[in-house]
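Below are the structure tokens for one structure; questions will follow.
Order of writing sets the labels: A, B, C, D and E. Residues in every chain begin at 1.
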């Protein structure tokens, strides 16, 4: 069959959008199907495409999976595991804030609303430390990472919630301040995997079959991603695993923390 | 009078023998002006018969151009009525008015050429009233016969050589002559010309007035023109209308004009 | 001749007694035209002395407007030279050229009013050459004295009543008169007028020509005007220049014109 | 008989001027470009038809608009409008003098002309995201940064349209003034700008409307705004709220257009 | 002596016409609006000054542009341009007939005029994202959806500017034709459109350029494009690549502008 596969703006998969050639070839060889790839940097568009049966598979992040699952009944098929996928809360080292509770009444910078590691996870983290992100802060600015970073340095926001790994990398690129001028005051546990999900209209048996082959050939497929070299080396250590919907219940819980409880009902409850 | 007769009259104008009798323009108690400024003229009335040549004179701002625009229905009258070819124009449906206007040839005081098109295209536009469509929008697309006709009209005003010149690269008098050719190209039944020779040199002015005269004489067309050249008014018109201080002060055959009468309009 | 003298001459024009002697415009071997089309005229030469009134005549398209534009430096000559007030204009720096032009009053064939501003503002623009600045961009901001002067210029052409009318709500002749007032308002040393009375009624035409005559007589200004009105040319000019087939065919004092000579220009 | 003869005494001129080799090449290139572009964009009318049912489903989910949060949404719209007005105004004030330089043949300075045109192009090319970054670095998060970002965006857009509107104006009146020694600058203000005024109004009010519509940039600099609300609503699949927001903006756009048409009418008709 | 007297024989007319009560109210409202807007946007020149050093540092991090990925970036730019050309062309073809209806006083039909103006306003108000959704649902992911999204966006923009350009044209030539019974439609094509042509070119080429610049919409429908690359680059703090992308787009913008100025020159000067 010819399947359409959308890749949303998943953290760390940007290169895949332009250099997915070998990956695609390997996938096609392993499954016997042909795949057409579409980089879609918006989960709403991906979800609507699924609902309209315009796309069959979507590679996306955990939070995206939760909402897409709710809106389209699409199901998780394979997890694309990533090492060190968690979030943190960063303040300036010379600031008085040493624990999340100190941030009460302060301004906070985060990623776009609904981003797993840049919004949901830090919000949950604050909640876990007894700070209600919706009530206790004096405001959350949802902006791009680069803007949040600069705003933190200026002191416009007291803290930012970040995807830890990419923050480390980005911090390295900012030569204007010493790397030690930041302080991480909280880190989350690892987040669930990115997901390859399939639309409700896709034949379940075929989907299961694809899951089986991919898991069986995971070494080769993962290698194909890394083999592109250059930037893609960062995928070293990725794994392809079979997953279940309930793995994402923690993410569902996070939606309550950001004030969108409509996505926090657990399936089956 | 039967409808059949009326139709006959309009389709074969040159054949009806006593054309002079039919009234082409009938104006009654007419007043017109621009928006808030009150009427430019009022209580004007006259009849113009087919084949007449009428000069409309008056000082600057007397309302000559306004009267011509009112005759064509471009300025709505404040009062009174205008009948052209036997029908009240301000009561017509737009499509009917268009049909009536397609028998008019009009020369505007400002020439009003389309400056980015060629002279020939501008003249061909004059035929659009009779037959519309993209084939007459620019000369390159026009049927051979239409182009030939437009060229003949240009020849009447002595401009064949400039047929492919862009209309914004003309001298003042050349552009006025193109406007005249555009008005003549469709062999109109009624010609309304607003100072058609103001920018022409003396010889060209005579030529154009002679063309007008011949067109009215041979094809039975009617001519109403405004002018500041009193010599032209008396030599080429059979009748003179004189606008002054908001009223029609003179309406007289040329040979019955009072001594020095036209001078009196300009004081 | 010393620079001091030349300066003296240009700053106090009316005082030097034998003004008639000074050459205001000197043209030598002049050829000019538009882009690829070759010269409109060539090898033209003449001198115009201060205080002269010169009529420039010729058929439509002969190049009268082009010649006037060349005299002002708007059309660059293909050949030859133009000196105004004793200096070659095509060798001047832009700011110097501007200074020279500020002593010129110009009436364009197309009037060229700024249609969205009032008549009075348009006339006040005529004073910008002498003194620039926002206070003369619109009449509402202009100094009382400038407004009074503009109104006086409008009075000369008989249009005081229309001072606050928008320039696009004028009749053809009214707009031409505004252009004339704009040219006169700055009391120019040289008036170049391109068919200044073409749209005027006979009386207004005489009035304007008389104003021109008085301005040259009383203030020692020089006048070059084009016209198709041969009567005006011979009555109001002291000298006639006749353009024909690309050359200056006539250059003669009015009283020495050959019998029927001007007619010969239009064939 | 002087009726216009159907056959001309003169040879008819050619229908087309023979294009120069360069012009021919350019036409051919233009056509090739279009064919190539259409070819590459995967046209398919068939697909369009198939999607109708799903589209109906989507639209049904947007209906009816939810007026639950109308208060806070209106407030966001008004705040956005406020920043849009001051940003657009700043942008226009920035663009006006530069556009006079940028208009070809107006000031006679080719160098300044190229520089201003380049500057406008740069203003437009640098994306919102980067302007947001620059102004956050320069003045910090908040409405001021948003205003500046809008101003730059507006300047790039308005400057270009102002300049070309002034180029398109009939130069006759300006030339007649310059014939009398009026400075170029005075001639521009006295005759070019009055003539280009309707176009200026169109451009300015479009810029204002555009600033309101594209107010996502305000969200980026932490200034909130209706754009952010709309983004959140679609991201959270809250299409009914999104529909409300779009209707609110639509109403504002119509009001701005009405104001523009009123102003234009006054200028054109006096 | 006929030198113009410094004192007039006639009373000078008033400087200002007394504005009508309505006009006065509107002026007052306009000024209040502007004051309110500037007040709300937190102007502070001081802040601007303080930010300069950090800004310089930021710009230094964008330099030099990195030409490492120039191949794939150029490819993305070309693909984007391809979709932009076909989308913009479609939009313009859509906008032209509607804009004739939308231009006030051109066709005499007020109802169709209001409808087309409303349609254009709607095209513009509905944001990119929602158009992306609609076309993804209608025709699926890919360049075709992107082309359509660009087309709608272009139509909303170009339609408005086309219509107002036609409104601004001198109506004299068209009226003179209509005086001879020429249909409105013919008069529009023969005289209004030739007169508005330079403005049409400005608008169309700006629309093309805008489509390239705002190609983020292509990312929304899975068609990639240079906009996506730029977003990724800034998100990854890869400012040197971002600088490269901006320079590439800038070059394209300049080329498009040059083409426009060439075409305009031909139309204006013949």
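Odds and ends about this structure:
We adopt the following convention: contacts are C-beta pairs under 8 Å (C-beta built on N, C-alpha and C of every residue); 3 or more make two chains touch, one makes a residue touch a chain.
None of these values were measured; they are calculated from a predicted model.
Shared contact partners of chain B and chain E, listed by label: C, D. C-beta contact counts were set side by side for C-D and B-D; C-D has more.
Taken over every residue number at the interface, the positions common to chain B and chain C amount to over half, indicating a same-residue contact. Centre-to-centre separation of chain B and chain C, using mean CA positions: 33 Å.
Chain B and chain D, compared by their mean Cα positions, are separated by 43 Å. Each chain gets a centre from the mean of its Cα atoms; for chain A and chain B, those two points are 77 Å apart. Note: centroid distance chain A to chain D, computed from Cα atoms, is 36 Å. Each of residues 110, 169 in chain B touches at least two other chains. In chain A, 44, 48, 51-52, 54, 144, 146, 150, 154 are the positions where the chain touches two or more neighbouring chains simultaneously. Of all residues in chain D, those touching 2 or more other chains are 51, 54-55, 58, 129, 133, 137, 140, 142, 231, 234, 268, listed in ascending order. Under the contact rule stated at the top, the pairs of chains that touch are A-D, A-E, B-C, B-D, B-E, C-D, C-E, D-E.
On the chain C side of its complex with chain B, the touching residues are 34, 58-61, 65, 109-110, 169-174, 177, 195, 198-205, 228, 230, 263, 265-267. Those residues of chain A that touch chain D in the complex are listed here as 43-44, 47-48, 51-54, 67, 71, 107, 109, 112-114, 141-144, 146-147, 150-151, 154, 156-157, 260.
Chain C meets chain E in the complex at residues 120, 139-140, 144-145, 147-149, 151-153, 155-156, 160, 163-164, 184-185, 187, 211, 214-215, 218-219.
If you check the complex, the residues on chain C that touch chain D are 72, 74, 94, 98-106, 108, 110, 112-117, 121, 125-126, 128-130, 132-134, 136-137, 166, 168-169, 179, 182-183, 186, 188, 192. Contact residues on chain A toward chain E in their complex (touch as defined above): 4, 6, 14, 17-19, 38-42, 44-45, 48-49, 51-52, 54-55, 144-146, 149-150, 153-154, 166, 169-170, 173-176.
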